[in-house]
Amino acid sequence: MAEIDDIRDEGDAFHDECGVFGIFGKPDAAAVVALGLHALQHRGQEAAGIVSYDGHQFFTERHVGLIGDTFTKSSVMERLRGDRAIGHTRYSTTGDDGIRNVQPLFAELAGGGFAIAHNGNITNALTLQRTLQKRGAIFSSTSDTETILHLVATSEKQRLADKFIDGLKQLEGAYSFVGLSQKKMIGARDPLGIRPLVLGDLDGAFILASETCALDIIGARFVRDIRPGEVVVITAKGVESHFPFECPSPRFCIFEYVYFARPDSVLEGRNVYAARKRIGEELALEAPVEADLVIPVPDSGVPAAIGFSQGAKLPFELGIIRNHYVGRTFIQPTDSIRHMGVKLKHNANKALIEGKRIVLVDDSIVRGTTSQKIVQMMREAGAAEVHMRIASPPTISSCFYGVDTPETSKLLAHRMSVAEMADYIRVDSLAFLSMDGLYRAVGESARDDARPQFCDACFTGDYPTELTDLDATDNVRTLSLLANNG
Amino acid sequence: MAEIDDIRDEGDAFHDECGVFGIFGKPDAAAVVALGLHALQHRGQEAAGIVSYDGHQFFTERHVGLIGDTFTKSSVMERLRGDRAIGHTRYSTTGDDGIRNVQPLFAELAGGGFAIAHNGNITNALTLQRTLQKRGAIFSSTSDTETILHLVATSEKQRLADKFIDGLKQLEGAYSFVGLSQKKMIGARDPLGIRPLVLGDLDGAFILASETCALDIIGARFVRDIRPGEVVVITAKGVESHFPFECPSPRFCIFEYVYFARPDSVLEGRNVYAARKRIGEELALEAPVEADLVIPVPDSGVPAAIGFSQGAKLPFELGIIRNHYVGRTFIQPTDSIRHMGVKLKHNANKALIEGKRIVLVDDSIVRGTTSQKIVQMMREAGAAEVHMRIASPPTISSCFYGVDTPETSKLLAHRMSVAEMADYIRVDSLAFLSMDGLYRAVGESARDDARPQFCDACFTGDYPTELTDLDATDNVRTLSLLANNG
Amino acid sequence: MAEIDDIRDEGDAFHDECGVFGIFGKPDAAAVVALGLHALQHRGQEAAGIVSYDGHQFFTERHVGLIGDTFTKSSVMERLRGDRAIGHTRYSTTGDDGIRNVQPLFAELAGGGFAIAHNGNITNALTLQRTLQKRGAIFSSTSDTETILHLVATSEKQRLADKFIDGLKQLEGAYSFVGLSQKKMIGARDPLGIRPLVLGDLDGAFILASETCALDIIGARFVRDIRPGEVVVITAKGVESHFPFECPSPRFCIFEYVYFARPDSVLEGRNVYAARKRIGEELALEAPVEADLVIPVPDSGVPAAIGFSQGAKLPFELGIIRNHYVGRTFIQPTDSIRHMGVKLKHNANKALIEGKRIVLVDDSIVRGTTSQKIVQMMREAGAAEVHMRIASPPTISSCFYGVDTPETSKLLAHRMSVAEMADYIRVDSLAFLSMDGLYRAVGESARDDARPQFCDACFTGDYPTELTDLDATDNVRTLSLLANNG
Amino acid sequence: MAEIDDIRDEGDAFHDECGVFGIFGKPDAAAVVALGLHALQHRGQEAAGIVSYDGHQFFTERHVGLIGDTFTKSSVMERLRGDRAIGHTRYSTTGDDGIRNVQPLFAELAGGGFAIAHNGNITNALTLQRTLQKRGAIFSSTSDTETILHLVATSEKQRLADKFIDGLKQLEGAYSFVGLSQKKMIGARDPLGIRPLVLGDLDGAFILASETCALDIIGARFVRDIRPGEVVVITAKGVESHFPFECPSPRFCIFEYVYFARPDSVLEGRNVYAARKRIGEELALEAPVEADLVIPVPDSGVPAAIGFSQGAKLPFELGIIRNHYVGRTFIQPTDSIRHMGVKLKHNANKALIEGKRIVLVDDSIVRGTTSQKIVQMMREAGAAEVHMRIASPPTISSCFYGVDTPETSKLLAHRMSVAEMADYIRVDSLAFLSMDGLYRAVGESARDDARPQFCDACFTGDYPTELTDLDATDNVRTLSLLANNG
């Protein structure tokens, strides 16, 4: 979930989810969007943008930095006039032209302006881009999101919604789109529904958002999830729903429950916090341990640790104390104090831990470097035994659907067995949740291997869509570079 | 504890504690001090300063902002040469000349340079200042800390330590000082030991720090608490201890255990986290309640809530979810979305709360405005009953010992009975910990009203020192203004 | 010429010329470009950009601010790797997306990357843009320069130079382009040669620049002017020259000599300083006056005033003293001191002026507001008589070739006769240079009304090209908005 | 005069003059002070401060940067309430605590607040400081100006004016002070009147300022120069004048006429521009030369060059063209283009110079490095002969009266004869103005060696005051460090 406060090192975490939000028919729409994006920053907080329309003109603001620092200046917000607006918040951008990749992207098409924001990743974007360039298209970003703009611009359909659907039909991968034209707000989810998108209602104004927590912050009502493969067209008249694709069974990203989504969100009918607690309970059943205390790895491990504690009847305790005032960067200026690592952000609660057998609960292991440091910190604080329980199966494959995963070869679980990992991070015991345990925690009896109910490619390598660019280039980096639209 | 991440509004919290840190005899001393101050920022994070000495020259850097943003720039740290350094981190400063009040203060005295950093408040500083000005002294700050500098400068004693003690003898109030001259580091605690100060050791270099968590971050060993009324003089030869005062019984600030200190610190022999958990357990005994869930008010209520949950055998649950990416300020730009209040930082975990009887555990009530909002948030999320349990007695009096309390008249418990307060914040029941319960939680059998074991003036109005400036001016504001050195 | 130091108010001056510079085949090419742009900032200093290519990759940096503030940071310059680079410096940009309009513009075309920088204005850009959008083109700026990129991208020619020429053939207006592809640097001047472009040579590396002063700063040799209608293609092999257009007689902008170009530049064979001095001499002949002193209106009036002084045998004196430390903006904070106007930047040298008959020499009159203030300042300083001599004919028409002129209706000379203007600015006498006098000063015997030797549309309304967008929209503003690429 | 626009390198110029300004009895006094300081920035433009008083409270703002950037923000100016205010503008400050040395300095004395601003240098400040420190005084700056504050604070006189005079009597050196108490504005000039200070009047409000150009910018009337050794006390009742010292003959700084003061100022009855022109005329008489053109070294050499041109009947021409857009710093980022030196700011007007015999006129030679570069630039532009004429005698001694001169040993004229200097800077001929020629230019018949009419120590080494600190320490650096209050 969280980067700033999380104990993980930057290189030892999953990133690059994005958040989208739009509202249609509410005065001061951009201010509402800013709040919605603010609540979605756990999905990416490095840059954000808003496009609004006031009946005459589109207004665009895109900034690097936290919403609370950038989209609260009156100079910025006063420019974003109008009663409809969409926004996007994202993980990293680099270089001075990085701002080009901040969404929503906007284009003045022959039929009028069109803005679009995207969460996911198009797995044939590079292939499409090359085709479009051959026809004379000029790309102004390196974002895969721009592909859909060009497909809309060059579609021979008449109406915008048809042009948009025409474009979607050429896309592969995972996407939740929110678009804004002069008269419509459009939402779309890929046929498998990999990324979330929900519909809300604030005093009659319709909202599209990545998660329900963005509805809560503005006091909006949750209406329903947008369905896999659904395209909604929102106008003053209401919501019009289209299902232009043949939809296979849905494959919602199961990792949203494990780590990405905010605990207070409800996605596809499941409360994330409750799911994480059940994960912890399953883990206590599957991998019990004789111990004195259950300690969460802050902050994302807390719900699973509470579940584990309740399942195992062991006390839940704060064994790792967060230093609240970390600031954005603590660059160690001198050699003698480099490599302070996790200590800058967290400290062992030594008086609690000393002489105790502890169970650390974390949501996942990426490279394992943070786990090593935490375990060492616990040992230095005098823990008698350190057991680690992971609230998901081992992550063995990269994600190509909007998450910035380290290369497969750097994933610890790709390189080692569970026993080797236990050795590497120096714990007395290590256990991961089983695949079926995870499926049980989210309400299924087990994984249906013939027709899996979720996208779990990061745990299985079983990718539910074509990976055209990857096959074409045989180059994961290229795909990733293109994928940095969240 | 924490301002940034805390659910409290800025005006509805206690502030203005400061943190001090010094080290003597370690290469790159300033870098160590920066880390120590970083760990002490829960005591004040708005501005900080470091003074170092390299055997030839003193170097001073004072900046507004988080340590991690200011004292990590190589341009800053390279200037702070030397193997001894002291630092200070503090709450607010205002105005363009605010930097004048950032400590350590430094003066070139006739006998050489002297720097000083202070946590506490001198209750006769204004009176002393007027006397000194009549003799021609020029004050360059509005900080009460400067008083001690002038007393040292004008003392007729020969040796610096004697001049310093000479000055201390004229002071009333609460103080923990760390000072640095060309040859010595000096530490001092007021005769009642109201504010904490601990001695540590890092590979033979002695350290003075407000709390033990600042020793942990640098891997230093905790040696002992500096004793009430003790003056320590640290040189290359070691630690020399003086007790120049007649010391009455100690009166350590009991609120450090309730709220100020970091949970992982050990102060006066007690681990803060453990004390808070015991507070929660006492509270569960004193004020039990039929309920489904125990929910902490984040973040400072968490340890007491865990204690309450364990004491009451009720499940501990995260009912309030923090928005991790708050940024420093979220200024609502338009009228229509003002007064979002706590929602910007936190959200109710509705799926968990709906239909449940909940116990909210918080550490204290200041003005009550935040409590009102949290209770309302719980009710909107569908809580069947909302009970509130406060992990301290009612706060009825201002602090004049280094904490920026709202005026007494604005403290909710000063104006209302417990029943009225319950009504005001709209809970089904409200209970505070009893005074004896609090004393039990920190290891005493009860409060000894004849010779109280702690300073508990904020709960009792029983101030253990003279309040000369207050009596002279009958003006709390004057005292507070002067008091802003933390 | 100069905005920052010039006595003119911002609204009472001509702006919006741009400067272009490129070098091919020199290590650290971008650093050379930065210096070249630095010398061209009198043509526009509000924003600048550089694109370089290192044999593998293009690098782009575009920043708002002075070259000396932005393109001197090592963090910026280290990114601009390669031995070939082009740059652009421009007048104003507005809005947060203003950076989109900072040049060079860059596009990844099917055949590889292509960057372009432009000085001038395309008078049919809007019309072309609409046509291109209908075919599905997406514009990412509001700059007319982007038009040529799309024309190149959609050209059906094979080679880049041919595509570029194909695009140029569709353009109307004034342009000096510098472009960079993976293998070539391309330069082009419109068929009338309205804007300048020169070829230079630095140790064998070829340079294209708006003016020769940009060659001087880097110690480069001036080779020749690029010819009207010429397209040069520069590769490792040398300079290849094309003349794809039927070229009518050249019409170089005569106002470059009057005001825009830097005095030390040599354009089309004429030294600008010498031309301005001859203008002053012609003016002394045409409009002599009995007076004691000749005073230049700083800074652009100085060369003409020296010429006038020498021609009229009257002493040249500094009657207006510049305040050197103006800073970028002096916003008067209170009503009581608003409207200080020219006094913030300049002051009358009262001791010199008192009781004297003075001749003020300025290059042109735009709205007349600055002239009014200067005359008033001279009278307040005690001048016995104030005569004004203008080193050009009255400016009566807007420029559509890359200069941001106030609307025609706001030009003083469009609204008033010379006698009325004299009255308006309150001088004892006023005279403008005659058209033939101006032509004589630049070496012609007189203006050839049948085939004028220069573009002098601002003085005559005789526009040498089509003004398609203007005719289509009948809307000067639209044209100007589109024209903001300098 | 000017640093930013001047052709000189930073290390090859005189610096460190300061400017002072105060006004008493004018609403919005601070805004008037800001304008006055703005006009005085040629005396020091790196930092500035203003202190105002509104009848109840003093307000202080001190900032690094140009007045036009710092004292024009409404946030700053709104804080500076009141109808009386004083200000100071100064050359460099260094270190993070540099702001401590920005004036006016302010102290809350026993009798009320007192602020002071200073132009000059106290030559026994260090000696006084040591005495004061022994008595317990704490200095909060390293500025010699603070000395007078402590002398006032410890004076046993009753009235502020008497305390101030009491303090002045202990000072040696050069000073022009402006002070502000609750009821009075005080001005003082040292007995020799080395630095300037003038009295002005704006609609009945009295003004003290370093030069008359600061009166002009606000439209104030010049009343008279403050006299050497005079102390003026300004209250609502008017100006009260005291002459507490025995005054020897005045010794006004003659270098103010050569370089420091602004050309439009009138000091001690002489217009600076006129004096400089006469200097040029004397120089033409004393050191004539066969040549084609007279070229000023911009900008400070211009008036003398005009005088030389008129005296020698040779044409005045702009042979060096300024690049107007230098920005504050142009840091050359790469080795290959370092050492561009003067070319970044100025360029030879080659077309004018080629084949000509030129006379360069400059005001002085400091280290000679800039002269070398200019001469080389002229030769590269093809000058047939280069003659240099300097509008002052050779500078051979450091200034201890408020000007930051390079150490004596680095002054070219201290190390070399005129012939050697001519050789060093590679000119065909070099001549300096004679001492008597300089005195003639400012209206004397010759220097009276028995009782010189001016301070000319920089040309003669004849210091008119004691140099106690210098004698005590034998250390010019110490004195200079202390001297950095301008």
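The first chain written gets the first letter, and so on, giving A, B, C and D; residue counts start at 1 in each chain.
One rule holds in what follows: contacts are C-beta pairs under 8 Å (C-beta built on N, C-alpha and C of every residue); 3 or more make two chains touch, one makes a residue touch a chain.
Chain by chain, the UniProt names read as follows: A, B, C, D = Amidophosphoribosyltransferase.
What you see is a predicted model, and the numbers here were worked out from it, not measured in a lab.
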Topological distance between subunit A and subunit D, in contact steps: 2
Distance-maximising chain from subunit C - centres being C-alpha averages: B
Subunit B and subunit D: spacing of chain centres that average the CA atoms, whole Å: 50
CA centroid of subunit C to CA centroid of subunit D, Å: 37
Separation of mean Cα positions, subunit C and subunit B [Å, integer]: 62
Contacts with two or more other chains, residues of subunit B listed in rising order: 76
Chain-level touch network, classified as line, ring, star, complete or other: ring
All chain pairs that touch each other: A-B, A-C, B-D, C-D
Residues of subunit A defined as touching subunit B within the complex: 1-5, 27-28, 31-32, 34-35, 38-39, 41-42, 45, 65-69, 72-74, 76-78, 213, 216-218, 262-264, 266, 271, 273-274, 299, 302-303, 306, 310, 315-318, 321-334, 336-337, 340, 343-344, 347-352
Residues of subunit C touching subunit A in the complex: 60-63, 76, 79, 95-97, 99, 107-110, 130, 133-140, 149-150, 153-154
